[in-house]
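Chain naming follows the written order as A, B, C, D, E and F, and within any one chain the residues start at number 1.
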Amino acid sequence: MAGKLTVFHAFRSKMNEKLLSKGNLQLKRFFNLDSQVYSDGALPTRTKELMGLVASAVLRCDDCITYHLIRCAEEGVTDEEFFETFNVILIVGGSITIPHLRRAVETLEEIRAQENRAASRKRRNGETGKQGKGEGRKGRVEEWEKRRKEK
Amino acid sequence: MAGKLTVFHAFRSKMNEKLLSKGNLQLKRFFNLDSQVYSDGALPTRTKELMGLVASAVLRCDDCITYHLIRCAEEGVTDEEFFETFNVILIVGGSITIPHLRRAVETLEEIRAQENRAASRKRRNGETGKQGKGEGRKGRVEEWEKRRKEK
Amino acid sequence: MAGKLTVFHAFRSKMNEKLLSKGNLQLKRFFNLDSQVYSDGALPTRTKELMGLVASAVLRCDDCITYHLIRCAEEGVTDEEFFETFNVILIVGGSITIPHLRRAVETLEEIRAQENRAASRKRRNGETGKQGKGEGRKGRVEEWEKRRKEK
Amino acid sequence: MAGKLTVFHAFRSKMNEKLLSKGNLQLKRFFNLDSQVYSDGALPTRTKELMGLVASAVLRCDDCITYHLIRCAEEGVTDEEFFETFNVILIVGGSITIPHLRRAVETLEEIRAQENRAASRKRRNGETGKQGKGEGRKGRVEEWEKRRKEK
Amino acid sequence: MAGKLTVFHAFRSKMNEKLLSKGNLQLKRFFNLDSQVYSDGALPTRTKELMGLVASAVLRCDDCITYHLIRCAEEGVTDEEFFETFNVILIVGGSITIPHLRRAVETLEEIRAQENRAASRKRRNGETGKQGKGEGRKGRVEEWEKRRKEK
Amino acid sequence: MAGKLTVFHAFRSKMNEKLLSKGNLQLKRFFNLDSQVYSDGALPTRTKELMGLVASAVLRCDDCITYHLIRCAEEGVTDEEFFETFNVILIVGGSITIPHLRRAVETLEEIRAQENRAASRKRRNGETGKQGKGEGRKGRVEEWEKRRKEK
């Protein structure tokens, strides 16, 4: 089942590279800007990636949904948080978003399966392996929240 | 300038009432659901209202943007946070969202003016008046964050 | 309150005329086609106008909604039918359609007020005046349904 | 050729089940509401499913189109009625809907093939087999129309 | 009638200024990029502004349509060219774009009226005044076409 | 790799034929109109096909993008011009269009590969073979530009 994610990553990298190598300066600038806006600021990357997920889903773009699901999972978004996000998507965007949510759930399962395989690998290699489902960046987020409050 | 917000609230309440009084059970259920999805859960209301703002803006609905700007401000979203949200909207949704962002900035100014008037009133009445720009619900959010971490 | 409908009709006629007088043959053909597709066929005009209303609402175009509300009312669509249609719109298109439904309810009230004034006028003039709320074309529709079954 | 429909049904059921088992109460409520709005009321299910088809097509969601094509066919919508509906879709939504209409025609062919196989099976089994192309629920609709007029 | 354009310009400048003064670096970069992509390159500004008009119209944003109508007129787009562009918009985007085209025709009339007033003023001041309807930048475009062919 | 284009053409022709053979007069008229609006007029076909590409991309329809990429290439649009067009699409439509641009670049590569194979074939057959990348209709366009200026 990991194939879908692998295919997504492979095609995305290959074609982004082509877009950027053939594209002019303005296209490069747009791509730069596209990664800058999700960086930590007054709002943490985690919240911005969730926003990216919501925007992608109500605009109904499967590839964009897949991308932000992956990024959100890296930012430690839990299944419970994902499903609450799906509710916001569903209520704002309507039943027309349901087919995208079905595919999102499938993608999410694949992401979790990958995370689990990675965690097993780490455990076998004697590493801590404590990073379970969607808890990857939790420490980093709490760090950020602390910093923000101190401001 | 406070007129725009007042007109928005007046029309919204009047017509929602008519929709609900004339509408059937299913319409009422949709409206109920619509407020439930933004309530505190795994994700705080604040984040969900920001998601609502992003969804409204990329789908380009001025009234929905106004509504979520008001709600976000009540949840203590700061100007800096709003402008980072506008960046996500702009990059995902493109320049076609700019006219909506212009109107959003105008609405935001009006919201802040109202907050300031309310704060002055409180100060004159000997109340604490400490609640400045976008800090309304901050205590409540920190409370929520603490509870979440304890889980 | 009748002003909104009057303004709508006036602007619509004036600008359609300009579009058609300045526009080329292809624009005229599109406009012709646009009225042909709603004519009675295997499906009655009434159903097609309801379809037009749904399409306009999920695509969120207030002027198109107003136009199809007027046409549907002429085809005898009742308030109960309108509100069931609003439910379909709401569930497919999501809460982003709510501001349009608010304005639709306002427009519908204005349409009914006009119908009532017309009915009063008729009664005063000794006419039958039996045509009440949204029952204008009912006879015609039943006629059509009968014809369809006989086929 | 029946594969496309079978795949659609299989994926849809599997993922809906997952959405509902993992999703929270609000997601379940949305799904309930989603089936309620198409039930017989002032407007018959048949008309509402046609509305669902139009909404899905102008919002350009292939899976939603497939779903409503299937449901409309179950409600006895004939080819002639489908093609008139496609006209409304095409004129409101523009040429951007054409690729979806191409796929819709392909799906419709598959649906009719299934209906024919089911009808043949019934005939072979000595059943009435009178239910031909898109006439499945005709009796039920007439029943409903009669009831509505009696009101 | 010139009021509509004046109001558009005034609000646009005022709010863009606010967006840029309050906005962060990324918002400024987006705005820069937004003007860069329409500059002369392999394709002339004129063609790109027409593209901007088409994109704005099928995405149905009145303010964006107004902006690109103004820019296209400055680039010397003629009425005949505008109406052929409206045909492309209408066929791709469907009848849902018609209300926007009605308003576009109204805006175009206002633009032409302004051009005529400017031309009269020039003539009165003894200037050449040869720049009539939509011919403003024609020399510049031919210049560009010549350069492109020489490449 | 040429398979994607071949599959596209095969499915498109087959289903258009079915749409037109089963569809009624109005559907045929829409299809006629759809080809008429791209014909040479005050604006050349080339510019109109580029407009069609932009409209398809901001409305995010892969099949429509593929179709207009093919037509633009036939009209002699160069890679540099395509990438400037992609910039306009990207800035107006936002990052949500990126997955479509990725697929567009892939399609464009396939189109160029086909052009190259056709050119090689011609050279082998002793034909001029001068028609390289995207220069197919260049003579015709210059012809048209000359005619337009003479008007």
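Keep in mind that, in the parts below, a contact is a pair of C-beta atoms (placed from the backbone, for glycine too) under 8 Å apart; a residue touches a chain by one contact, two chains touch by 3 or more.
Just so it is clear, the structure is predicted and the values come from calculations on it, not from any experiment.
K.L.:
If you apply the touch rule, which chains end up adjacent to both chain B and chain C?
P.N.:
A, D, E, F
K.L.:
Which chains lie in contact with each of chain B and chain D?
P.N.:
Intersection of chain B and chain D contact lists gives A, C, E, F.
K.L.:
Write down the chain pair in A-B, B-C or B-D that repeats the interface of E-F; the criterion is over half of the contact pairs matching by residue number.
P.N.:
Checking each pair in A-B, B-C or B-D, only one repeats E-F, namely A-B.
K.L.:
Using C-alpha centroids, which chain lies at the maximum separation from chain D?
P.N.:
Farthest chain from chain D, going by C-alpha centroids: E.
K.L.:
Report the chain whose mean Cα position is at the greatest distance from that of chain A.
P.N.:
C
K.L.:
Taking the mean of the C-alpha atoms as each chain's centre, how many Å separate chain B from chain F?
P.N.:
Centres of chain B and chain F (C-alpha means) sit 44 Å apart.
K.L.:
Could you give the separation in Å between the centres of chain A and chain E, each centre being the mean of its C-alpha atoms?
P.N.:
38
K.L.:
Between chain C and chain D, what is the gap in Å from one C-alpha centre to the other?
P.N.:
So the centroids are 25 Å from each other.
K.L.:
So which stretches of chain A touch two or more other chains?
P.N.:
In chain A, residues 24, 26, 30, 33-34, 37, 41, 55-56, 58-59, 64, 83-84, 87, 90-93, 95-96 touch at least two other chains, as defined above.
K.L.:
Taking chains as nodes and touches as edges, what kind of graph is this: line, ring, star, complete or other?
P.N.:
Its topology is that of a complete graph.
K.L.:
Quick one: in the complex, what on chain F touches chain C?
P.N.:
My answer: residues 24, 26, 29-30, 33, 36-37, 41.
K.L.:
Which residues of chain E touch chain F in the complex?
P.N.:
Per the stated touch rule, the residues are 33-34, 37-38, 41-43, 47-48, 50-52, 54-56, 58-59, 64, 78, 80-81, 83-85, 87-93, 142, 145, 149.
K.L.:
For a test of understanding, state which residues of chain C touch chain B in their complex under the given definition.
P.N.:
Residue list for chain C touching chain B: 60, 79-80, 83-84, 86-87, 90-91, 95-96, 98-99, 101-103, 105-106, 109.
K.L.:
Provide the residue numbers of chain F that touch chain B in the complex, in ascending order.
P.N.:
58, 90-97
K.L.:
Okay, in this complex, where on chain C does chain E touch?
P.N.:
Contacts found on chain C: 11-12, 15-16, 18-19, 22-24, 26-27, 30, 34, 55-56, 59, 61-64.
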